[in-house]
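Going by the order they are written in, the chains are A, B, C and D; count residues from 1 in each one.
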Amino acid sequence: MCNAEIDPKTVPHMRELMAGLPTNWGKWGPDDEIGCLNYLTQAEVLRGVASIRSGKTFTLQVQMGNPKGDPVWPGRRGAQRINLMDKGDFICGNGPQTPGCHEFADDLMIMYLQGSTQYDALGHVWYDDHIYNGFDAKSTAGGMQKASVLPIAERGVVGRGILIDMARHRGKDVLDRGETFNHHDLIDAAKAQGIEIEKRDILLVRTGWIGSFYRRDPAEFYTDFVEPGLTFSRELVDWFKEMEIPNLVTDTIANEVTLEPETGVMIPLHCALMRNLGVAFTEIAALDALAADCAQDAQWSFLYTAAPLKVVNGSGAPVNPLVIK
Amino acid sequence: MCNAEIDPKTVPHMRELMAGLPTNWGKWGPDDEIGCLNYLTQAEVLRGVASIRSGKTFTLQVQMGNPKGDPVWPGRRGAQRINLMDKGDFICGNGPQTPGCHEFADDLMIMYLQGSTQYDALGHVWYDDHIYNGFDAKSTAGGMQKASVLPIAERGVVGRGILIDMARHRGKDVLDRGETFNHHDLIDAAKAQGIEIEKRDILLVRTGWIGSFYRRDPAEFYTDFVEPGLTFSRELVDWFKEMEIPNLVTDTIANEVTLEPETGVMIPLHCALMRNLGVAFTEIAALDALAADCAQDAQWSFLYTAAPLKVVNGSGAPVNPLVIK
Amino acid sequence: MCNAEIDPKTVPHMRELMAGLPTNWGKWGPDDEIGCLNYLTQAEVLRGVASIRSGKTFTLQVQMGNPKGDPVWPGRRGAQRINLMDKGDFICGNGPQTPGCHEFADDLMIMYLQGSTQYDALGHVWYDDHIYNGFDAKSTAGGMQKASVLPIAERGVVGRGILIDMARHRGKDVLDRGETFNHHDLIDAAKAQGIEIEKRDILLVRTGWIGSFYRRDPAEFYTDFVEPGLTFSRELVDWFKEMEIPNLVTDTIANEVTLEPETGVMIPLHCALMRNLGVAFTEIAALDALAADCAQDAQWSFLYTAAPLKVVNGSGAPVNPLVIK
Amino acid sequence: MCNAEIDPKTVPHMRELMAGLPTNWGKWGPDDEIGCLNYLTQAEVLRGVASIRSGKTFTLQVQMGNPKGDPVWPGRRGAQRINLMDKGDFICGNGPQTPGCHEFADDLMIMYLQGSTQYDALGHVWYDDHIYNGFDAKSTAGGMQKASVLPIAERGVVGRGILIDMARHRGKDVLDRGETFNHHDLIDAAKAQGIEIEKRDILLVRTGWIGSFYRRDPAEFYTDFVEPGLTFSRELVDWFKEMEIPNLVTDTIANEVTLEPETGVMIPLHCALMRNLGVAFTEIAALDALAADCAQDAQWSFLYTAAPLKVVNGSGAPVNPLVIK
């Protein structure tokens, strides 16, 4: 995850890059833990509902515990599911004998909370000792006391979603390692798709990256690991703020280019958009089937619904978003 | 889980109780793994959408890893979330130093797949060596090769939901241990609520049981563990089949009374409705807030959406259903 | 774990209680991580060997994953062992087909490293920002970089062991909750057993407490949880230092009385003996069978051997000590 | 794990290879679960003690949770240790405030029971529906009811050990992939070392294989995974039986060559020696430091002690064997 052209000693501190940028801290009160999801009022729910036409549905989670492996950030492990009881136990006499003699399967799972399609807690990433809304970063110790994923999960996310297919827009199956795009590219791609990004739209951006994981050799996928994605600029941050984007959903693991090319800073949008503005991040989404359908029927907006698991104090939680067209 | 009034030796085998009852095996082809969710066509999605009025939303999962404990079937354990990284690590010099010096929290979770609000795989419970749609029960060994939760998660569940508040109907905060009701009671309660159960409605039935977990001492909750719930009869099974109910959602751990009172057979509806008919079961749902709102605005039907995690070979998967009114 | 007779506000800080007490920091160099185990030279090994008479052997670990539960400190969980493969899988066709068709069982375990008979790392407990030998307590973040259990495990523990049966000495099956004893009691009990505690002896002290776990109802065992055990005094600390005791092994979870009766301070001997002097602590040992044999043949000293698991950065590690008489 | 020169269709079934070979089933009664460890009588313990000379000690476990990875059989995972509490928590206010204010570190571990230096349960591997001593293989379902590692752990293993350094004998740092040797080679190597293998000796055989794991790239270690080791012959099985070898300890993951070269059968010695004769297997031992010392002082026999963890129903359990010279 290094950039050969950038001297590490010259990489600025995140606080320098963020200096003077807007925040939404306090905008929804000192106790707010859901940030821009506050924009998703009942009116926004109904606006999303109004985009439904045919009743087609799509689920956006990647599979968990896939024998081929799960796409995860280097250092994390994919989910491990383990059987606790099955027909073999009953054949061997190890199953419990219940009144009436029904039989059953049972299993458990060990998983990284950021190891599948997932909502980040707004407090998941920070700099300078404070997380979203100014809560002390010490409140993350042993579990997030503030701005955990729980309030997001309690509320759920419903609104108009719009899919921007950057890969298709650029005529590629998948964007290149480290390939970037910005809000102008999003606007242009939407226009080319025949649709306009509206205020408070939930943005789904497809790069083809996660889909490529299943076609690639894992070793190749992780070698020189740099994802394609949105790239930081002050104008982009302002655009997100003005557009009141509640939620950014992508088919990459980090929702943004791994290293900002000019400065070499790692994932600055987590800080500028999530920590400072309170934009909800949904990562590792499976967008290929939805994109293929949108390309086919030319309907790129829809009702987007998502409710991550209600994990108390979680830094994130897996989710299987559901889209209704 | 015994019934003092029933001699265990006289409890009939499940196959005797099920003899002559209808199945939907083969109805949707020999490879079908989602059963009555096939009823939820695009038309049904749109019927559900048509029930939306105000844009209010509710999430129906119980919390996971609650310090007070999670309500689980005896023998299972609640989810255990564990921090892997937080501000404490960065203060102590244990956090990774990234370009730009962002910091983050990370965690993992160990969970029973049936240990929170969850969709059962259609193959989760069986008798007589075959699971839903006639698949060999041996296919459950080491993970469900057939009728796992994965096809349900890939499809997602969307349709018109209707809430029947049996506790409120009977003037109770929570139904008693082992208290039963049947489809006539459901119909009557709906009528009293001013609504009619329609064909292909997703049934949400509230007993108050899971809500009581949080008010009770755990020892008391689990002592002489018998849940209230729907109770088996041939007429009830026929009614579910004729009504083409795709999905039964309740605020109990097993969706039905623990022991059928007449025969003493344990959880026969898992066999009659899920294994034989293919009705999807959603258990341990949190229905209290939704019910309070429905009682207040007298709107008992809504768009119900749910997408459990896409756990490969899972016997079930956690879910945070989302209701839009 | 409170003492009704002591006002919590008057409980002194550990540093006050420890003021002026001896340490062995630096005695074995600034990098030492094994403390008093340094006393166990080859000569001490041979002294232990010389105590062997009959060739009888005893293992001192409690069982792990016992269906009745494992005795653990409140808040920890006993080990959970889970099958990954067994005959049921092969019957059902889930087992791998190997050349020659052998079959096998496989399993994994989730365990607290302090959740069975175990050696504490010397850095496991501390006060005032420094662990054993003066290492910065921040070095414990994310795993012990210093004074972990690994150096103890790499070295192993071999020497003359001596069993002091305090329960038998006081004519009890098990000492009472909170019952205390000191070094004078140890000396007297040894004398009554017809043996003398020698310099550099590994001390095994039996209270009967862990054995009682298996006879008691778990709820009763944990109610008003206060263990019996050694109790703090300045003279006792001096005695351990002068006697150069390398290792204290008991059949309690904490090796000492839970609350020091005079001050109400919790587990001060972990600080005075382990953190300051570097005495190795072996907790939750199963001593009943060994004690019964010693009482029968009147041989209370023996070769003690123990080698905890080599867990990198571990705060402790399970161990099955082995005694040869 | 295939042998390019052998047609898989011609690989005989294990039962054919084992036909007519000796077993010790019933020799120590129908309930015996420890097999050849029965040979380790008190007299054998004293014979081992008699080999002690200098008081030098060695521990033989590999490290667990090593950042470089742990050597495990393909398909298993190395141990994962996770911090639950450390100084970072106390700095951030997440640590419990105890009377006297001591602080502590705590952690848990997820581990394969066969994923480190370990004793196999005698029932760990089988063919033809029966495990050691004729117990039904169905008794392995959900955990070993018979011939688990527990009885071995309860007894412990003590006797005279003898190290045969095959790598040094052949002038290599590490034996080649698939390189084999037999009992004649063991006898010759011992002779060259100036020592004789005696009846009831615990055999430690060094190949250099595990030590090479730490010098090799993991990818290279696992590519075309075939270990060196002892190879099957009827004469070798008879020799083990006549010599009453209680325990075979090696620095490979499977204690024998992965595929028997003549037939292509996988790990037949697990069946011939462990399942049929009841020889205890200790795998993944770290023998390099011990071997270097033996080569230096020319003392190749010693007291061997080992006590795996007392895991109830375990198919194996980790162990840190301890040698006293």
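What we mean here is this: contacts are C-beta pairs under 8 Å (C-beta built on N, C-alpha and C of every residue); 3 or more make two chains touch, one makes a residue touch a chain.
Just so we're clear, the structure is a prediction, and the values are computed from it rather than from any experiment.
*Asks:* Going by the touch criterion at the top, tell me which pair is linked by more C-beta contacts: A-D or C-D.
*Replies:* C-D
*Asks:* From the mean C-alpha coordinate of subunit A to that of subunit C, what's the distance rounded to whole Å?
*Replies:* Here the centre of subunit C sits 46 Å away from the centre of subunit A.
*Asks:* Provide the C-alpha centroid distance between subunit A and subunit D, rounded to the nearest whole angstrom.
*Replies:* 46
*Asks:* Averaged over CA atoms, how far is the centre of subunit C from the centre of subunit D? Could you give it in whole Å?
*Replies:* Taking the mean C-alpha position of each chain, the two centres sit 27 Å apart.
*Asks:* Taking each residue of subunit B in turn, which ones touch at least two of the other chains?
*Replies:* 83-84, 86-89, 91-92, 94, 108, 110, 138-143
*Asks:* Chain contact graph: line, ring, star, complete or other?
*Replies:* The chain contacts form a complete graph, every chain touching every other.
*Asks:* If you look only at subunit A, which of its residues touch subunit C in the complex?
*Replies:* 82-84, 86-89, 91-92, 94, 108
*Asks:* Can you name the residues of subunit D that touch subunit C in the complex?
*Replies:* Residues 1-3, 6, 8, 11-14, 17, 41-46, 49, 52, 54-59, 61-67, 76, 79, 81, 83-84, 86-88, 90-91, 98-116, 121, 123-127, 129, 137-144, 150, 153-156, 158, 259, 263-268, 270-271, 305-316, 318-322, 324 of subunit D touch subunit C in their complex.
*Asks:* If you look only at subunit B, which of its residues touch subunit C in the complex?
*Replies:* Spelled out, the residues of subunit B in touch with subunit C are 77, 80, 85, 88-89, 91-94, 110, 138-143.
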